[in-house]
Structure formats: C-alpha cells, structure tokens
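If you scroll down you'll find the structure; I have some questions about it.
In order of appearance the chains are A, B and C, and numbering begins at 1 in each one.
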Amino acid sequence: MGCEPLPEDRREVVHVHRVEVALGGRTVLHDVDFRVGEGEFVGLIGTNGSGKTTLLRAILGLQATTAGEVIVAGRPGRRGGPVGYVPQRVAFDHDVPVRVADFVALGVDGTRLGLARRGRGVRERVEAVLASLELSALAGRRIGALSGGEQQRVLMAHALASRPRLLLLDEPLANLDLPRVHETIAVLDRVRRAEGVAVVLSAHEIGPLVPVMDRVIYIAQGGVACGTTEEVVRAEVLSALYGHHVDVLTVHGRVVVVEGEAGDPGAHPEVVVR
Amino acid sequence: MVARASASGLAVFAPFMANAWLAGTLVAIVSGAVGLFVVVRQRAFAAHAIPNGAFAGAAGATLIGASPLLGLVVFAVASALGVAALGRRRDDVVTALALVTMLALGAALLAASGAYEPAIDALLFGELLGVSRAEVVALALLVVGTTVVLTVVFRPLLYSSLSEEIAAARGVAVRVLDATFLVLLAVSAALAVPVVGALLTFALTVGPPAAARMLVRRPGRALALAAVLSLACVWAGIASAYWSGWPIGFFVGVYAAVEYVAARAASSWRDTRARP
Amino acid sequence: MHWLVEPGFWSNPVVGTALVLGAVVAVVSGAVGVVVVVRGQSFAGHALTDVAMAGGAGASLVGAAPLVGFLLAGVLGGGSMEAAGTERVRDRDVATGVVLGAAAGLTALLLYFVSSSSSATGSTQSVLFGSVFTVSPSVVPLGVAVAAGTLAALFVVRRPLLLSSLNPELAAARGVRPRAIGLAFVVVLAASVALSALVIGAILSTALLVGPASAALRVARGLGGATLGAIAAGVAAVELGILASYDSFYWSSAHRSVPVSACVVGVILVEVALSALWSRARARRG
C-alpha cells in the first residue's frame, strides 16, 4: 500500500522509495513508500514489532535495505545526513563525566576530529536549544543522573542542536504519564515551527498526536498506509492492513480501534485503544 | 622489583632511582588518560586481557631471538584487533576466549623456550628499577603519541562512548574508532608492561579513572584528573615500595582501589545531600 | 589404538588422577559457565581466578591448605565485586576491575613473601599455569566434595537465578531479591573457580568456564540442553587435552611436552569454532 505524493507547495525532505528490509531471514518491511515534506509533523503508528524502529534506522542509514532506496534532502540517505535522531532507549552510565550542555554540544561538533575550543556559535546554539526545550536549568547536571523523562528531553535537544532538516523520534512518549505526553508534543510542535524541521515520531497510540499531526503513516504487517488522520484511521483501511476486520470508533474525541478475531468478525472483539 | 634492590640507607631520590620515577610518571599519565575511556566505554575486561595476553608475544619473541618488546606490541595489537573485529556487541565471551588463547600460547611458548619464573615475574609484576634510559625515551615518545591520537579522536570517541547508535547515525565511524581505541590501549599497555608489569598497568587503567569520573562532571577535566590520580598512585607506590621493601605492584593495586572507594563514598555522600 | 594413546597412559596413576579431577572440574565449570555466559559475567569469572591466586599464595605463606585459601579469597573477592556492582548495575565492569587490580597487587605481595621466605621457585608458574599432572591424589576427595557442594548450591538457586538474569523485572515482581541471588551466585562461581584454578591453573579455569558454555549455548535450544552440552564439551576438552599433552612428550624429538593448558584450550577453541559454523549454517537454512 503506497502513499499520495506531497502537495505541490511542500518541499520534500525525505522520500522512502519502495524500501524492503529483511532481518534474520524474515522480511520485516515490504515495499514501503512515502514522502515527508518540509516542516511536517508525521506520526508513525504501529504496534510493537511492526517495524517502526527498523524503518527509522533505515532512513538514518543504520539499517541496510534489501531493496529500494531512501532519499534525504534530495540525496541518497546515508549516515551523517541532516537528520536528528532520538532513539527509543539510551542507557547513560550514572557516573559518566558529561554534563547536559556537553552532550548537547556534541550534537553540533561530536563528529569533528581535534580539540579546538568550542566557538561562541556552538555555545550559543546549545543555550538556545536548551532554552527552547525548557532545559536551561539542567544544563550543568550530569546526564547519567537525570530521570528517564529528563534524559528523553535532553536527547531531543541534542538531536536538534545540529539544525537538522528532519527529526526522527522513536517512541518518545512510551514511558511518560499523560500530562508529560501532552507537554512533550506541544514542545515538539512549537520547536518544529520555530526551526522549520520535519518531525517523524513513532508511537503505538495515535490519540494524543491527533491535534498536532499533519499526517499519519500507519505501519502493520510490513506495509504502510498514509493519509490524514481521518483518511487512514478508518475501518476499511486498517482492516486491509491488519488482514482482518477492524472497527474504528470516536469516543469523546479519542480514536478507538477495535480489533476483531481473524476470520470471525465481530465475535469477542478485543478492544485496543490507540 | 623495587623491593628486591632497595637497601636501607639510599635515598629514594638517588640517581639510580631517576629512571624509575620517570618511567612510572610516564606510564601513569598514559594509563590514566587511556583508562578514562576504558572506564567510560566499559572495556575493563579488554584492558585486562590485552596486556596479559600480550605476554605470549614476549615469550614467542624470546623463542625466536627477537626483541620481547616487539613481540609484546605485535601480540597486543593483534589481540586488540581480534577483540574489535569479533566483539561486535562488546561480547565479553570473545574477550575471555582471546585472553585464554593468548595465555595458552604463551604457556606453550614458554615451555618450548625453557624460559622460566624470573621472566614471567618481570612481565606480570614489572621491573621498575631495571628501567633503562632508552626505555624512558621510548615511554616519552609513547606519551607524546598517545596524547596526539587522543586529542585528535577525543570528541568522536566520547560521542560514540555515550551512544554508539546516535554517533553512527551522525556519521561517526564507530567501528574504526573502536579499533583505534583498542590499538591505542594495546600499544600503551605493551610498552608499559615490561616497565611496571601487566598487573600494575591494569590497576592504573581502571581505578584512578573510575574515581576521576565520579569527582568531576566535565569530560576534559575528568581526563586530566584521571592522569593526576594515576600519577598519585604511582608516586605513592614507588615511595611506599622503597621504604617498606615490598613490591610496588601491591601498593599501586591497593592505592588504586582506595581512590575508587573514596571517590564512590564522596559521590554517594554528594548524592544524598543533593536529594534530602 | 596404540598410535593414538602412547604407552603408559592408562596405567599411569598421575594420569588417572588428572583425568578424574579434570572431569570433575569440567562438570562444575560447564554447569556454572552457562549461567556466567547468560548473565554476561565472564570478566568476573576470570577475575575471580586471579583473586583466588592471592588466596593460594596467602595459604602457602601460612602453611594452610591451598584450597582453603583459594575458596576464602574467591568468596571475599566475589562478595566485594557484587557489593560494589549491584548498587549501580552498569558499574559492575569497573567494580570487577578494581577488585581484580587490588587482588593482583596482593598476589604480588604474597608471592614476594613466599619467594623470600623459601628458596622455592616456580610458585607463580604453578599458580598461573597449574598443571593437572602435579596434583596429588589426596586432593581428589576434597575436590569432589567441593564440586558436589557447588553443584548442589547451583541446583537450588537455579530458578530464581535464571529468572533474574533473563528478566529482572519479572523476577522482582515474583519476590526474587536480585542482590541476594547475585551474591549467592557469585559464591557458587567463586567456589567453582577456586576449585578449577587449584586443579588446572588460572588460564584453564577461565577457558573451561567460558568456552564450552558459549559453544553449547550456540547449539542447544534450551538452557537445560546447553548445560548438558557444556558439561559434555568441557569433559571432552579436558580428557582430550590431557591425552594430547601426554602424547606430545613422545611426539616431539626434544621430549618436551606441550602444557596441558595449551592442549585443552586448543580443543575448546575447536569446539567454539564448530559451534559458530553450526549456528551460521542454521541461520542460513532459516
């Protein structure tokens, strides 16, 4: 299942072109095709094991594709492109002698050889990014001593420090409580407007993203479906993706996906809130 | 060993001790600096395995009549590259197997060459008193070389130590960097081993840097403090060994552990105070 | 058969003791080694042999039985590694290294005392490379007893131990205390390592602990099968290694035998290589 081309007025940041990825002899992604435009906020939605991390790693050049290609900002995607990345989990050593500001600065110059002093430009960029993510108070703390939620926020600042065109976030909401989820989404939305960066955020729950998302990429069974929330989160689209009957309901503004048993639609449905 | 030669009545700063002080100082600086990355990258096992395994090289070199130092360097670098190539996921099983292979090879070579106890003792525990002027010069060159390489790769190495995944995504050649680091570790260990012994080299590589990283928050300062703490270990070790007549390896091993325990206590105390 | 087994192999009492003790040690190392590899504690397993060496040197200084020194040092060293490492799990590597460095220093001191109090040489050599051919038969009953105790202790703690290694959160939810379990295992590990370091030397101790277990874990599907496989691979490596070492005396023109440790490590490396080929072939079949 493919996706519509971008509207004329959107410049493309990434084009995932008919990508296939096999892991351990199994095809995890199959003929995945979509584009993301400049400054777009895209939700990459799928259940655990559906291939979200694999897809993000393929865009970053960390995961080799078995077919197809990734184009980032008009060039073949490879490591070191204009892409910021917030992995699902980074376990910092508690005692590592690196402060939040040091880590964010590495986002700018961490790939550079040599030990030239950090110029004013770098320091100012670090301060600005920390301020825009409301992290200035943490600048002098050790990264290993922060809480999980704080570390996540620092990882976002780090990823934005190099002024990427595209920001990839792998399930950044998974371990946050609901107020934190909304706060994080609001901050990301503000930052992407301020910086003009496209955001692709993977999640297994679509609900909280609905207010800020431009588009949804739904990933299941190795394939993707794209569209606006209203277009994708519909019974017939999701049923085709899952290979069995699925209902979509809207309850108090929350989107609820109800999965039926394969081959036995309607009988003892499992309710899955996404 | 310092102990065996120390007779009472000679000053610890006597001229014949000069080379010992110089060699100890140089080894301490290198071990502390390289050790910070050993600790941050959680490579303590490799740091132990490479110098110990390298002693097979010394045995082999003795057997064929080559310089033991050359044998040490070649074997140390070979085991470092082996660990880097096979240990994709920091597999400590690979490190263990590389170590026992080298040691078994060393045992076989020693049996074949008929070299015995004194040679092994010297490699394990070092012969700080027997250090020659030429060895001091070689160590000085090592310090310069290590400093240059560490300065060049400092940032990407630190970056990839924090998160290999992120650094790789940003275009850091993480595999090459890992191999570079292990070779650096191997060369510095191979040159330090004949002087201060495999055990002392290892103790300096882990204890002082592990302490330093708990005491300061910035990477650059941690590097400097690691070298200073390591230097303190060696100087105190030489003096203690001189006055007591006991082997220097004992003092360095114990002082390194004491620094670590003290730093941990300090950092725990600080943490509890920060979070009342 | 004659070309394979050189004369006197079976009738030689030294060889008999070596074969029996080697097998006992291989059984314990195999069973403990599987848990070591699963828990990622190879470094601790290796470090404990060096720690045990300090105990061995201390024992020979005060004239105590070496095994007592080995055990005591192993349990003390393992306890302090575990105490330092559990609080911050990711500090385990460093804590192990610091204990190892201190123990090595202690070994240097004790060996210095040993060598200055007696003119005997060869103490470093025998502790490091220990030869199973020099073990006295009187050690056999004690060795077997320690081995049995170690295996029994491992058997008792195996369920919570594996659960806390594979899924710490689930284990904690079931009321397993990771710290107590970790400590219990490190004592088991120390006993196993002490036994094997005494009988076969420090090098072989690490090789037997890690090699057969990692090979078996590649091939077997379950942990039970891996344990049996590790025991079988370990016993085979020890017995074949002893045979090869014994035979090498007759093969070489200089009549200098290849050390047992080198022979056993050689067999173990072959086993590891074969298991790697096997798992690669299996992955290709899909």
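The criterion applied here is as follows: a contact is a pair of C-beta atoms (placed from the backbone, for glycine too) under 8 Å apart; a residue touches a chain by one contact, two chains touch by 3 or more.
Keep in mind it's a predicted model, so treat the numbers as computed, not measured.
*Asks:* Specify the contact topology among the chains shown, as one of line, ring, star, complete or other.
*Replies:* Per interface graph, the chains form a complete graph.
*Asks:* Go through A-C and A-B and name the pair with more C-beta contacts between its chains.
*Replies:* Answer to which pair has more contacts is A-B.
*Asks:* Would you kindly tell me how far, in whole Å, the mean C-alpha position of subunit C lies from that of subunit B?
*Replies:* A distance of 25 Å separates the two centres.
*Asks:* Averaged over CA atoms, how far is the centre of subunit A from the centre of subunit C? Could you give it in whole Å?
*Replies:* Spacing between the chain centres: roughly 47 Å.
*Asks:* So how far apart, in whole Å, are subunit A and subunit B when each is placed at the average of its C-alpha atoms?
*Replies:* 42
*Asks:* Residues of subunit B that contact two or more other chains, please.
*Replies:* Residues 42, 210.
*Asks:* Listing for subunit C: what residues touch at least two other chains?
*Replies:* 90
*Asks:* Mind pulling the residue numbers of subunit A that touch at least two other chains?
*Replies:* 93, 95 - these are the residues of subunit A that touch more than one other chain.
*Asks:* Would you mind writing out the residues of subunit B in touch with subunit A in their complex?
*Replies:* Result: residues 36, 40, 42, 151-156, 158-159, 161-163, 165-172, 210, 212-214, 216-219, 221-222, 267, 271 of subunit B touch subunit A.
*Asks:* Touching subunit B in the complex: which residues of subunit A?
*Replies:* Contact set of subunit A toward subunit B: 60-62, 78-81, 83, 85, 87, 90, 92-93, 95-99, 102-103, 106-107, 109-115, 140, 142-143, 145, 155, 158-159, 162.
*Asks:* In their shared complex, at which residues does subunit A touch subunit C?
*Replies:* 24-25, 91, 93-95
*Asks:* Which residues of subunit C touch subunit B in the complex?
*Replies:* 37, 40, 42-43, 45-47, 84, 90, 93-94, 96-109, 111-112, 121-122, 124-125, 128-129, 203-204, 206-207, 209-211, 214, 256-259, 261-262, 264-266, 268-269, 272
*Asks:* Mind listing the subunit B positions that touch subunit C in their complex?
*Replies:* 1, 3, 39, 42-45, 47-48, 92-93, 95-97, 99-101, 103-105, 107-108, 111-112, 116-117, 120-121, 124-125, 197, 199-200, 202-203, 205-207, 210, 246-247, 249-254, 256-257, 260-261, 264
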